[in-house]
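A single structure is presented below for examination.
Chain naming follows the written order as A, B, C and D, and within any one chain the residues start at number 1.
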Amino acid sequence: MTDDSFPVLEVTDLRKAYPGVIALDGVSLSVRPHEVIGLAGENGAGKSTLLKALVGLVRPDAGTIAVRGRQVRIKGVADAAGHGIGMVFQEQSLVPNITAAENIVLGFEGAGVRRGIYRWKTLRQLAQVQLDKIGSRVDPMARTETLTFAERQMVEIAKVLAIEERTSTEPVILLDEPTSVLEPEEVETLFAQIQRLREHASVIFVSHRLEEVMRISDRVYVLRGGRVAGEVDPATADIAHLHELMIGTADSGNHYHDDLHSGAVAERTPRLVISGLTGEGFKDVSVSVGAGEIVGVAGVTGSGREALCRALFGAGIVTSGTVTVDGHRIDLSSPRAAVAAGIGYVPSERKVEGMVAALSVGRNVMLARTDLITHGPLIDRRREASLVDFWIERLHIRTPSRSTSIGQLSGGNQQKVVVARWLVGDDVKVLLLDHPTRGLDVGAKSEVYRLMRTLAATGVATVLLADSLDESIAMSDRVVVMYDGRVVADIPAPPGAKPAPVDIVREMV
Amino acid sequence: MIIKTHRGTRLSLVAVLAAAALGLTACSSDSSPADEASPAAGGETTAAAETTAACDPADVVLIGQVRNETNPYEASWLDGGDAFAAQVGLSQQRLTYDGESTKQQEQIRQVLASGDAACTVLNVLPNNDSDTTPIVEAAQEAGAWVITQWNKPADLKVADYDHWVAHITYDGVEAGRMTGEALFEAMGGSGNIIALQGVLDAAAAKDRFTGLEGALADNPGITLLDQQTANFTRADALTVTRTLLTEYGDQIGGIWTANDDMALGALQALEAAGLLGQIPVTGMDAVPEALQAIADGNMTATISADGMWQGAIGLAMGYCVATGELNVADIATRAFFAEQTLVTADNADAFITPTLNSSDFECANVFNRIAAPLP
Amino acid sequence: MQPGALGVEAGATAVRTPGRPALARGDLVQTLGPSAVLVVLVVVFGLASPQFRSMNNLHSMVDAAAVLAVVTVGITFVLLLGCIDLSATGVMAACSLTTSLLVANTRNALDLGVWGVVVTVLLGGVFGLLNGVISVRLKVPSFMATLGVSAIGIGVATVMFAGVQPGLVDPWVSGWATQRWFGFTQLAYLALGCIIIGWFVQRHTRLGRTAMAIGGAEDVLILSGVRVGPYKVAAFTVAGCCYGLAAAMATSQLGAGLVQAGGGYTFASITAAIVGGTLLSGGRGGVLHSMVGVLIVSVLANGLVLIGVSPYVQRGFQGLIVVIAVGGAAWPLRRRLVVVK
Amino acid sequence: MSQLSTTPAIPDLAPPADPAPRRRFRVQRSTLSGLAPLVAVLALGGALTVANPRFIDPRSLSALADSAAPLAMLAIGATVVVLCGGIDLSIGALASLSSVLLAMWIPTLGSAAIPAVVATAAAAGLLQGVLHVVFRIPSFVVTLGGMTIFSAIALVISDAGTVPVTDTSVTKWAFDRIGDYIPTSVILVLVVVTLVTVVLRVTPVGTWIAAIGYTEPAARLAGLPVYPVKVAAFTLSGTTAGLAAVLLVARTYAGNPTMADSLLLPAVAAIVVGGTAITGGHGGLWRTMAGAIIVTMLRVGLSVVGVPSAYESILYGVLVIGAVAMTIDRSKVGVIK
């Protein structure tokens, strides 16, 4: 290809400042046709701001964006698509109450709509084309919310692929954390598609899973503090090098803090004992977690691990079976009861279920345990302040003050606040962690892992629904595998004798 | 961007309020009590204590209050008030309270508080019987002159208040009887009727129905099939009549209603059923449209309650007392039934264009249209 | 569209989409429940009162339901957005006066006939547009925006009323309420036409589908490059037009332009829509659902009178039915962590 | 502290460089919008004064405050419900029902009728709250149903008529003046407002309500007593409706089955005009008080300064919308519906 030298997308010295923050501090990068560009960087490094600028959701203060050599001012998502730039957003972005077909062509119905009137046949065909690319058998006319999570993921990917038809020229496709909610096998499908896409498109791929970035990209730009910290050729460089560029210091190598491991757990007294638990999404589950033990629960989506996790916190539906903590039976009818029993839950949907974005850090920390700071019915503000400050300091939560609203913190710090909520009482017995590191960058992840180890050392029994298999294996003392709602394997994973991922994947599928 | 929209809305808001301010001043210039009344204010407040405080005619504030201007009867009432005000070189302040008892009382307390009470004349149509009590209490306390019409609890006596100039109403029982008789006559003395009642809480509604019952007692040939309330409104009357027509079909020989709005609603239902003109209908209050219907022969009878006169006479009475030409103590009957006449095809035309006779409102004559004192 | 918001918004969508079984069940109840309630009511009243079974009663019931049906078609579009519209009463007041003053009437010499009605519908549309612009541009919650517009409408109507009732003499318009085809007044057919068009627009046009989607996940549409503002305004405008037509129909029934022409229709229509399964939260139900609701409400009103229930108790019954209908629909979902406001 | 402080403190490691929050910016905005309701009150009051100088006469102002009292009382409980993310449409009808009950009970119970009625109203609110949380029926629907049912009951037991109060001495206190100018009703309202505000401030309930209103799933997964709080809110709403009824009866010397129905929409208007987000979470009682004054000025003030009724209604609509557009705090209200 002769035109390869000539960039299809060129960003020059892009700058964007919010009051008090410089999100982009002169970023320049270029994308050549048929190239897959990796974008790595910690949260707040400016990745999302950059992408949003490319699709016109953010107006840059300075700098230029040139598409195929022509300098353009991108006014919005639709306008961007007109220039052949399309983006898939981090979280699932499907409208639940319309058909899958409509979601796939959303905003670009083209021939599917004539004079404002829908032509369902055409619409269906348009959508089918996309679904066929990924060999999905989802019914385009099914209402999206009636699909299973996995099916919805497929629709999501199909929606991305639709971008290539939307422009006469070869498109540039921006993928922001497309894999963060995908299961391994789905990731493979996506990668296959990216490989196919590059035949006639360019891709910018953003992920916190560096191994993925290195695998799929031709070149990797590393952002730090709103600047391009470096450009890496995956062929020559390695992940350690990426870390260095991202954090500015060499990766400790000991990402999972095995050094803090609290030693052999075999003879530990069982703390959380689940026996014969059956409910919506899981059947006859019996697992016990010892004090100070971290048990990873692996399984594909629909395996029932999320359902189980919520049920343990009284937020699911249990039909039979018992759960005890330190021998006391737990009432699973409401989260309130679970909290009273010393169970803490860190939900995967931080922004909707984990925190109250509009409230202050302090209020969020104390949310579950106001009993600690009240005399009778009255709040002791001084006690609250000291307690909150203590935990802000203890967990290195980066916030200007305890009265700053949590919504303004970075994802990592928000997550730490959510965890802190269960620690303030010093009496949490069981922690249920549902994807605790989802969407966190390497630094933040590392801190969360360290926190988990420290807590385990204090005797907390932890149930971990890990973000990736590696994480699950590395952090857990045992990995319980669930399939179709049942526990199908219980694989010990002591330090030094970790099982190979393949052994676990075998059980999962 | 966000900021901009903010400033945008703020500005527009300021504009709105400015406009409001202007609008208010503009409106107030024609009918604001304040401008004329303020100079006298200081002295009058003390004078308000005495029962008869002579006000300079120019200082008198005339206020007419009805439910709303959106029904012909009450609209004509306010027009009458304007007419009288013009006659004495003043202007009437029109108040409407959308049939909200609370709003009516709030308005009255507010005018009394922010105006010169002692020279204020209130000609009020209370929303319900129960509302009359707080209204006269408020007027009495503030020393204003109040005239009420139509509604009043039986046990509330005008004589007990020296600032309650008069209570004017029509003999609902008599009216109900008269229209009833007229209806039966049109039916040929025998058959079945249905009745549409007014707001059950209003004395007028109760009395009128009592009158009908009386007429029924005297006419054994007539039976009352059913009676429902239609709240004095045309829309309700339409739906109720429609349903009753289905329920009783051709058994219905006549429709008695407690006011013309409901009668007109009933007529609509009949028209929709293709029965217009075949079933006699009676109403009350003699609103123009009803009079027309009577003239056209689609409606049987109504009772003249002269809205324009009511709107004017109340203010006239108050004006005479406030200016000292009349003394409340000297008035023989302050609570009375006013004269009313049955309107049928024969005399309808005479009522279609109501006129006011200015001589009725000279202080000597304001109490001339008494049919009978209130029991 | 402030970028800041988007990040937070996007997170919400995932949890808004629970798994299949639960929803399917809830869905079923949502759709079939109201129809079942309707059937039950008809059977009960049919047994209780012979008049109820009469053809005559069917006619008068349908005639009575016609205006409400048209209003409800309109409000359905707004409810689909997840917004609410309390302006029907005021808009209808203004439109009723407009009709009566533009077609042949007792107040002025105008006799625009069809055009009078067209103008009325357009005026309704203008009020709807106002609703939309205020709530979308000024970002005033639709609850207040429409409440304010309703007051404005009533004021405008009062100005037009000017103390003298404009009686309707135009044979065509007054004919709607009196001329009968196959026993039903023309109003019934007008309403039917409006329902069909409304259903088509809501089901098969970009406006309808987008309104639906906005109710489902507004933020996702924004991210997908759909400019939602115009569609919202459009939905409010459609509603306004329906109110306009409904007002003309009511005027034909009442034989005069009345400020009270729209009284009670606001809550009646919302009630009907909800009972029929068009949720206030938006994105659920549709014109047909709402129409089932209209039938339920009308049957109830008519039947209760026929079996001789006092008019005061009737209102209470309606409220009870609403609560039961919605409660029944929500029952299968009650154990879940769905947020109910 | 004991346990964890003894465990080795987590060693410091370089935390990620995250964006310094946009604090100054926020503060300005929120303070600005915080003052908005007051600004609106002053602007409107000014306009009315221009129209009729006597409007600021102390007698006039105290009459205004007096008129605002029942409305404000009605809105107090409803505000808390709105803060929880719900809405209560039944307050008007419930107050009407309470007024009838009060008038009917005074002959037998004497002054004990007042607590009895307030308790009954509270129970009615409680019932609605329970229906709302147990059956998962949206508050809009539950209270819409409640509205019709309560007014049906009121109409039936009163035979759709007014029930005069035989012994006015029982309620006299609620419609009286202290030192000529300060209405007792206003004092009662202020007492209740202060009471509720203090409870929200010094106990965790305030935070709980905010959390529920803003992000209910998070509140529930933090183990907050979501349902009890909501039920309590509805109960409070019922209570204040009952108290409002007492004020109304004191004014009219009678109970009436439709007396307060027309106060529902003004009450909701007062809440929203005050700047409380109808979507829940953000807002406060003092805002509602400001809103109540604004709405009363529009309801009563306009006509009294001589705006013709037709234009009064138009102006009311325009100004209400304007006031909301001015007072609503868009930085706190995520999606506006």
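Following the convention adopted for this analysis, a contact is a pair of C-beta atoms (placed from the backbone, for glycine too) under 8 Å apart; a residue touches a chain by one contact, two chains touch by 3 or more.
Everything quoted here is computed from the prediction, not taken from an experiment.
A.B. asks: Does the complex stay in one piece without subunit B, or which separate groups appear?
C.D. replies: one piece
A.B. asks: Moving step by step between touching chains, how few steps can get you from subunit A to subunit D?
C.D. replies: 1
A.B. asks: Could you tell me the distance, in whole angstrom, between the mean C-alpha positions of subunit B and subunit D?
C.D. replies: A distance of 34 Å separates the two centres.
A.B. asks: Between subunit C and subunit D, what is the separation of their C-alpha centroids in Å?
C.D. replies: 28
A.B. asks: Between subunit A and subunit B, what is the separation of their C-alpha centroids in Å?
C.D. replies: 70
A.B. asks: How many angstrom lie between the CA centroids of subunit A and subunit C, rounded to a whole number?
C.D. replies: It comes to 42 Å between the two C-alpha centres.
A.B. asks: Please set out, as single numbers or ranges, the residues of subunit B touching at least two other chains.
C.D. replies: 2, 5, 9, 12, 68-69, 229 - these are the residues of subunit B that touch more than one other chain.
A.B. asks: Out of subunit D, which residues touch more than one other chain, so two or more?
C.D. replies: Within subunit D, the residues that touch at least two other chains are 160, 217, 220, 309-311, 315, 318, 325, 330.
A.B. asks: Among the residues of subunit A, which are close enough to touch at least two other chains?
C.D. replies: Residues 315, 349, 352-353, 357 of subunit A touch two or more partner chains.
A.B. asks: Between the chains shown, work out who touches whom and classify the graph as line, ring, star, complete or other.
C.D. replies: Graph shape, chains as nodes and touching pairs as edges: none of the named types, so other.
A.B. asks: What chain-chain pairs meet the touch criterion?
C.D. replies: A-C, A-D, B-C, B-D, C-D
A.B. asks: Quick check on the complex: what are the subunit D residues that touch subunit C?
C.D. replies: For this pair, the touching residues of subunit D are 85-87, 131-132, 134-142, 144-149, 151-153, 155-156, 160, 216-217, 220, 265, 268-269, 272-273, 278-280, 309-318, 320-321, 324-325, 328, 330, 334-337.
A.B. asks: Which part of subunit B faces subunit D closely enough to touch in the complex?
C.D. replies: Within the complex, subunit B contacts subunit D at residues 2, 5-6, 9-10, 12-14, 16-17, 20-21, 23-25, 27-28, 30-34, 38, 68-69, 93-96, 98-103, 105-107, 109-115, 128-131, 133-134, 137, 153, 200-201, 229.
A.B. asks: Which subunit D residues qualify as touching subunit A in the complex?
C.D. replies: 1-4, 7-10, 12-26, 202-204, 207-208, 210-211, 214-215, 217-225, 281-282, 332
A.B. asks: Sort out for me which residues of subunit A touch subunit C in the complex.
C.D. replies: Where subunit A meets subunit C, its residues are 48, 52, 57-58, 76-81, 89-98, 102, 106-109, 113, 116-118, 120, 144-149, 152, 181, 281, 310, 315, 317, 349-353, 357, 407.
A.B. asks: Show me the residue ranges of subunit C that touch subunit B in the complex, using the header's touch definition.
C.D. replies: Listed in rising order, the residues are 2, 51, 54, 56-57, 60, 63-64, 106, 138-139, 157-158, 161, 163-165, 167, 174, 177-178, 185, 250, 253-256, 258-261, 263, 302, 305-306, 311.
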